[in-house]
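Let me give you the structure first, and then I'll get to my questions.
Read from first to last, the chains carry the letters A, B, C and D; within each, the first residue is number 1.
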């Protein structure tokens, strides 16, 4: 698949560190799928679809900074949608989002609402103004927030909110965010025997996005995050590298 | 039907091998490919120091094939040796290595030897990493020298992976004289694409290598000419995705085939190719040996 | 929209040119191609004595491209000079010639000069005729010598058609130093196919050359690298069948493109490519010059 | 198009110099179309389809001799069908066949009969036992024969039979055979203002059979016998090289 040219039609400042880039092309996609966004002359990076026609980007380095410099009317190359995406199931679901991990979960919340599924979202961020897509989650159901500095909602990690919930109330649990956080969610699900009912969206170094290069493979299954994921059931992640280590661009293991 | 082969002294349960640089970054991934039917697996090419590789896009699929310029990303042998140790088990594991000269090849080979790979494949053919790969591999003298060096420090078979050049036989002979136990042809062909919307080359590195179905006829010609001349094993690679492709290579004289890009469409390609070959041989009531090299006649 | 170009001193009404060896055996055929929109036409490669060419199959279409081993059939310049005389008219006519050494090239060029072709294209790249084409064209010294010789006996532009090699720039520089007015890349890539039913190579000559869409990325890389270095015109050929392909080559820096295998699907390909380029430029409100070489930036 | 493997299922001796090879594949073809028959290790040559699953071959040189040595069960490679074929039209048609030129005309005669078109065939050969497909033509309509040695029918060229006919009685005239003979037919059609109602199947040196190499192009139109032909209307052949010269394998002109 060759990159398609996509013109930026609108840029929305979501939080101090994230912007949403709306594109002039609508992908027939599932929540949780992603695209490879080519910022020409710089790099190509994986980005979840936060809408069928948009990506929501946190500025963290070279490529994301270059993307932040683009204006309405500029264009990027887009390959996708890629990956499996989340599978909706049950009558009542729980979403646990940390930081920009809210990007693939917001469309999932909306899709669930449209299918009359009850949605509860736990949304975390460093600070109150970094909470992403609060309105979208609220529009889709119930929402509770947590911030590291306590500026909005619960003070502390978003997983702190789980202590007050009974996981058994939910048919399925979806999570995307920093892996430490997701690791915690998996642990709690394990305690509650809920592992088969969890779905996690992983962030791994993606190079080819085509299931060929092997950069994104996880231990011990050898599954590829780019095409076999990025969403995996907790079953696959239990006793894996998940929450413990990942690999960098060269393939070296890095502790999380 | 028995598809086992003896390949430069290694015993393979079938003649399909995972090509270098494909799903070869971790032990888990290599094992998964073996579980999908590969008769042997080759690791990602490993060098002396860590490399992050080229900026993206590193791989795109065009209408006619894949273009890639990964840039030899690898964690170095220091790190990879631990990974390699844990691959051992199901099928033979071949360590692909690269270096900028004979000494560096030696260093990497020695470094990885602790993990006891079943063979080494020397990457003398990557077309888009300056100073490595094809930069050396197009020079018969260097080919011979590098193979000799590595042979002098390891006690397992050494395969030489060569680039697609017109005078492939000259390179093959150099490899054989250097003591290679097998030659592997071909690596990707230098190529590129341009995004006409932006006028930008489509790969981050601008130029890269072409792989996939498009290059099959080119690879087949190299295999055919090498098999006509060399006495060591020739392993075919380039554009193989079906059992028919594999049979063409075997009829050209290849001892085995490596498969790369085709994992994109189906990671089960190894099993499917073996199954297809088996059915073909059963229908003809003949063995793998019976069809090997028939096109040479 | 104006697509006229000045190509090594020739004026073309558009940048699409019929490639050598394609529908170039007779004046009538060349004229017919001109009527279908080609900006210039190149004849079949002509040599010093008649050749019947290789036994068949001489050309097959595989899933991924065309394989051919025509074997340079031609009636010799003695006979062809009369044919050439009658082509003149609509568009520039370029005589493609081959020989086994500089003297023979000279002889053929002189022989055909009586018919006053608009330029000569030297076939230094045919991959499957022993002693001709790529046998010479892969050696920078021979490339230079042959071009020099021909330049010394003719007074029209001389183009050098080069084979697809890794070190294409070295060959291009040799051609430029020899006095070539343009380089043309690429000829077919050495390749073959095997009929698995019979185990026979699919071409009568066993090995041949790959053309068509499959080789486009390889040709584009050659053009891109040559344009970055040479000061003479670079003409791109290999796998072009749509206006998008042509735009890629022009963005890589090509002055013009030649089209061969694509006449199989549509002899109107020249007109269609020109039309597509025109529409593309009109939409962008820019000229051919504006997009030429933008990928070099 | 790659050659398809075709096994010889039956070989029929038609005349002392021609044999029909039936194959285990039936091509969806029109009369007048041909295939490239690959006699492996020897050459690939153009052969008209004399049946949807057969070619009828006259032994004249290397490749045809090699073909004659094959037996039932042996196989050849086949690419095709290639070319345009004849176009049936009218209520009453005339076929003029010389030698192995009867091969593409016999299926045409049968197709015409099946469409209730009246068919008259003039069939010529060197000798009586070289007359090809007499029964097939008779089965499709009326037939008159001519032989060079007078051993069967009219003595002399098949065109001699035309003197006794009124061409105007026919809606369409089809011819295949030696080009001198066909040239004569075209001349006579010219005299009768029948040129637009004639169709000739040409034999030219065919190499690629794909409209690429140019070997088979005719003067002055530049049309390709392999893909634009092999059947041409008399209109296109009038004042052309037809009947006067052709080109050999190297492209040299040869007088006919």
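Quick notes on this structure:
Keep this in mind: contacts are C-beta pairs under 8 Å (C-beta built on N, C-alpha and C of every residue); 3 or more make two chains touch, one makes a residue touch a chain.
Just so it is clear, the structure is predicted and the values come from calculations on it, not from any experiment.
Within the contact network of the assembly, the step distance from chain A to chain C comes to 2. Centre to centre, using the average C-alpha position, chain B and chain D are separated by 51 Å. Chain A and chain B have centres, each the mean of its CA atoms, that are 36 Å apart.
The geometric centre of chain A is 69 Å away from that of chain D, both derived from CA atoms. If each chain is reduced to the centroid of its CA atoms, chain B and chain C end up 33 Å from each other. Within chain C, residues 62, 193, 200 each touch two or more of the remaining chains.
Among the residues of chain D, none is found touching two or more other chains. Taken together, the touching pairs link the chains end to end in a line with two free ends.
Pairs of chains meeting the touch criterion are A-B, B-C, C-D. Note for the complex: chain C touches chain B at residues 62-65, 67, 127, 134, 138, 163, 165-167, 189-194, 196, 199-201, 206-207, 210, 213-218, 220-221, 224-225, 239, 244, 247-248, 251-252, 280, 291, 294-295, 297. For chain A in complex with chain B, the residues that touch the partner chain are 1-3, 5, 36, 38, 40-45, 75, 77, 79, 207-215, 217-224, 247-253.
Looking at the complex, you find that chain B touches chain A at residues 21-33, 44, 50-53, 55-62, 66, 68, 70, 73-76, 79-80, 193, 195, 197-198, 200, 202, 204, 260-261, 263-264, 267.
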